[in-house]
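Note that subunit A is present in both complexes that follow, paired respectively with subunit B and with subunit C.
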Partner chain A sequence: MARFLLVRVLNGIVVLWLVSMAVFALFFVAPSNVARTIAGRQATPETIAAINERLGLDQPVWKQYLDFVGNLLHGDLGYDYYYQLSVTQIIREALPITLSLAVGAAIIWMVLGVFNGVISAVFPRTLADRGLTVFALFFFSMPTFLLALVLLYFLYFKLTVNGHAWFPAGGYVPLSDGLWPWVNHLLLPWLALALVSAAAYTRLTRASMLDVLGEDYIRTARAKGLPESRVVVRHGLRSALTPVITQFGIDLGQLIGGVVVTETVFSLPGLGKTSIDAIRQQDLPVIIGIVLFAAAAVVVANIVVDIMYAVLDPRVRIH
Partner chain B sequence: MTVQEALGTVPEEPAAIEGRGPWQLAWRRLRRDKVAMVSLGVIVLIALIAVAAPLFVHLTGHPPNQQYPDGLTVDGLPQPPSSTFWFGTDDLGRDVLVRTVYGARVSLAVGVVATVLTVMVGVVVGIAAGFLGGFVDTVLARLIDVVLSVPFLLVAIALVSVTGPSLTVTVLVIASFSWSSVARIVRGQVLSIKEREYVEAARSLGAGDTRIMFVEILPNVLAQVIVYTTLLIPVVIVVQATLSFLGLGLAPPTADWGGMLAAAQAYYQTSWWFLTVPGIALLITTLAFNLFGDGVRDAVDPRADRTMAR
Partner chain C sequence: MALLEVKDLSVSFATDDGVVRAVREMSFELDRGKTLGIVGESGSGKSVCTQTITGLTRGAEVHGEAWFDGIELIGAPSRVLRTIRGVRIGMIFQDPLSSLHPAYKVGWQITELIHAHDTLISRRRARARAAELLGLVGIPRAADRLDDYPHQFSGGMRQRVMIAMAMALNPDLLIADEPTTALDVTVQAQVLTVMRRLQEEFGTAIVLITHDLGVVAEMADDVVVMYAGKIMEKASRRDIFYRYHNPYTEGLFKSLPGQLPTRARLQSIAGSPPSLINLPTGCPFRPRCPYAFDRCVEDPPLVQVYSGLQHSACWLPRDLQERERARVTRLAEEEPA
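Right, the complex of A and B next:
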């Protein structure tokens, strides 16, 4: 176990190192006119040169990269071009918002997806199964931003117009201001982010569960006279969850994509919206910082997922 | 031609039992799947509408990028559906119907071209990694890991913002980040296929690596690849629309669904048609591709229950 973890962690570090180089190269190869943007239209070449020097942009790319990595090892991601704010600080402030959004949505979609999937698999080809399948395909085909707009239209606008102002249009209220305001502001974003994935997980769980329920040990468990609920949950679901967890590991990485869209539509100032704003102003340190941070999150998440395999499925042996 | 025909020994009566290849069987199963066939019909219809987009200009008399002064209300808001503008107008007084029709062109073109490109790269990398093994596999597998752990949409947006929005950039960005999942699936398949007897037989006949990879192995991963391709198209369409929605799809005034929806976002409280028409068009398209892809999967691999690849 310890050796497995060590190998995975080293692997993860190599991946992150490659990502950092790739991202750095991509953005620095592209022509950038940050100095001109900061200095304004009428800036003299001297001003622009001075700004470039201040930001370190006059250095060769490899030198900039080495400086960046050197600072990174001290937990310093650099400073944003416009206000000289620490990128670490920017991420630290945006992170609780993104975490609130992502964790809440992940819980909703996993619970909804697995529950619906199990119902579908235990009662295949019934009305419940068909209904859930249609439901799943509908939401699976729905782009997150479209679902967000639909939710905003019906649950915010239509309700509010009719005198039921149950949901705000957007914005973020920290948890320290009370549980309900926090939940209330996040409910629509959660749904927008969760329903699309819940649909995918319903289908995934259903297929995996149907496979597992056909296996011999399930028949054995039934033959032993165990109650059906115990067979389904303890014997069936436990191993049926393996592919679901795999997918979850992969999806966590791409979750930031949905987060970007959801945060934009509901104006939540989390990592997604911050990165979009940074991208619009070509604020490279912020973009690179957030991309690297997100990549690190994916790497860690995948290691955790590998460990969860072993816990969930006794057939998996870790070497 | 059956064996008997070839040998000239076709029995007259009763009708000979016809041998059917796996593709014929798959097509037969697909044809019986009502949902898949209806979806295919919808896809063909959308494609026809996209091709016939100029016809809509002719019918309505409204070019897609033409702004009409009478296309806005006195308050400068979009006009609701009327006999002049069948599906209303947008925030600049342009015809929503015509722009939605032209948007279908972008979605389908990007969906198909980017998917084909993605699948081609993914298949080549996957076969190379799985078949050649060793150092090549290690390097390619690490590369796949890197691409899979990069937050795709974020980097895509950043790249587009640097290069400027265009159709080519959108296609390239999508393809350069999506190939890794195809490669991973193909690699897994190749690992088991390359141990089969027919590969050994080909090798003993003196076939080289390239021939074995593309003549012996490729046809055997094709079924999986086709299923994956049909299910990837709607995903790519959504990504393209999402990029446009975030303002990084195509340079205005080109009409595309994501861009229209982004503009409609500011008007959803007053002009429902502006949001609804491109939204429904997008939803119907992705839904049709997903349902059709599901049917293709069931037809190609009847044992596999209907799951959903992402």
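Right, the complex of A and C next:
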């Protein structure tokens, strides 16, 4: 297990290194006009040169990259081009918003997906199963941005126009301002992000659960005289969760895409929206900082999922 | 009164291809402490029959009765069945690896059963009992092995774990569904020995399902021979082995090395069992039966009773059958090999 973890961590570091190079390369393929944007329309070439020099943009790319890596090893992600704010600080401020969104959505999607999937599998071909299948197919075929807009239209716009301003149009309120305002601002983004995946996980859990319920050890559990609920949850779900958790690990990467879209639609100033703004302004240090941070988060999450996988399946643990 | 009394049990499944008639009008009895062997080719309804009795077949249409110690099991609410399964009827199955949960330690799986039926027992006592049971079925270093997972045991040891679990609460009846089929020969013998030893110690009755007549010879007091969901012959072990009447029973013996007089060649029964969806009229064995005659096509054979206890579903009269058997054996020997 320790060796396995070490290998995974080393792999992760290589991945992060490749990601940082890729972002750097992409940025310098496109012509940069950061200095011009900062200097304004009437800027003289001297001003622009001065700005480029101050930002280090006059250096060759490889030199910029080495400087960046050198700073990174000291835990310093640099400063943004426009306001000279520390990128670490920018990430630290945006992170709670993104975490609230992503973790909340992931919980909703897992709980909803697994619960619906189990119900579907335990009562196959019943009304409940068919209803959940329709639910799943409906949301499954819907892109996150569309769902986000639909939710905004019906649950914000239509309700507000009819005098029920239950949900805000967007924005973020920290948890320290109270539980309800926080939940209230996040509910629509959560649903936008969660329902699509919940639908997929309903199908996944249903299939996995149907497989498992046909296993011999389920028959043994019933032969032991256990209550059916225990047979389904402790014996069935226990095994059926393994592929679901594996899929969850794979989907964490995609979650990032969904977060970017959702934050943009609901104007949540989290990492996603910050990075979109940074890309618009070609603010390289911010882009790289966020991309690296997100990649690191995915790497760590995948290692955690692998550990969970080993805990769930003792046959994996031994080898 | 018999411990288990099954009367006219029929089980069918509605499938996309039609109604599968897996078990038809099956009746048998089993006394306390005795062993009933159920033999038949695979697909003859042995598992469906025993699993229906314990309420484990799902989505089946069931008719008939199954009385267990005065309790009707067919159609009993699951609340009642739960107080019988695992407590008064233990069950073991063909493949011990797939029958044990791969993600739980064997000790946990055994104590789970104990706790499910005895909510007062302490964890420590349940665990001690589990260790004692593993020792009882002959697993070395039993206490140390409680924390091992099923995949860490060999096939024979796994089946011993299953037996230990099935016997944990000292049931009146053990249903063993092909318990040794997946094991190699030496291990088979050891597992059967364990079962017989526990049976003697606790007075457990056993329903032993097998397609191996050797296992029947070793274990059974009475034998039920099944074919295509029907009982073809039912008798004491002695009668089945020395005075069988039914041509299907004979076919089973012929497919077994060294059971018949030396000249008889080893042959499996030609042909294959009928579709359980479109059963032939008359006797289900008729397409494969070397003795079949006109009547077998038209009418399903009535069960004939010989010497009080031996039942055979076959139109052949006893004496005529003897004559016929001689004729067929002669034909088989004259035929060039």
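To be clear about the criterion, the second predicted complex is superposed on the first by the 317 of 319 C-alpha atoms of A that agree within 3 Å, B and C clash if a C-alpha of one lies under 4 Å from a C-alpha of the other, contacts with A are read in each partner's own complex, and residues count from 1 in each chain.
Operating definition for what follows: a residue touches a chain if its C-beta (ideal position, glycine included) is under 8 Å from a C-beta of that chain, and two chains touch if they have at least 3 such contacts.
If you're wondering where the values come from, they're calculated on a predicted model, not measured in any experiment.
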item: Overlay on subunit A: subunit C relative to subunit B, clash or fit; value: fit
item: Subunit B versus subunit C as contact partner of A:V173, first or second or both or neither; value: neither
item: Partner chain(s) touched by A:R238 [first = subunit B, second = subunit C, both, neither]; value: second
item: Partner chain(s) touched by A:Q282 [first = subunit B, second = subunit C, both, neither]; value: first
item: Which of subunit B and subunit C A:L210 touches, first, second, both or neither; value: first
item: Subunit B versus subunit C, judged by how many residues of subunit A each one touches; value: B
item: Touched partner set for A:T144, first subunit B, second subunit C, both or neither; value: first
item: Partner chain(s) touched by A:N302 [first = subunit B, second = subunit C, both, neither]; value: first
item: Partner chain(s) touched by A:V183 [first = subunit B, second = subunit C, both, neither]; value: neither
item: Subunit B versus subunit C as contact partner of A:K224, first or second or both or neither; value: second
item: Minimum distance between Cα atoms of subunit B and subunit C in the superposition (Å); value: 15
item: Overlap of the subunit B and subunit C footprints on subunit A, listed as residue numbers; value: none
item: Partner subunit A, residues of subunit B touching it in the complex; value: 142, 145-146, 148-155, 157-159, 161-163, 234, 238, 241-242, 245-246, 258, 261, 264-265, 268-269, 272, 275, 279, 282-283, 286-287, 289-291, 294, 304-308, 310
item: Interfacial residue positions of subunit C with respect to subunit A in the complex; value: 51, 54, 56, 78, 81-87, 90-91, 93, 95, 98-103, 112-113, 116-117, 149, 151-152, 162, 165
item: Contact set on subunit A toward subunit B in their complex; value: 11, 14-16, 18-19, 22-23, 26-27, 30-32, 133, 136-138, 140-146, 149-150, 152-153, 157, 200, 203-204, 206-208, 210-211, 247, 250-251, 253-254, 256-257, 260-261, 264-265, 272, 275-276, 279-280, 282, 287, 290-291, 294-295, 298-299, 302
item: In the complex with subunit C, residue positions of subunit A that touch it; value: 215-217, 219-228, 230, 235, 238-239, 312-315, 318
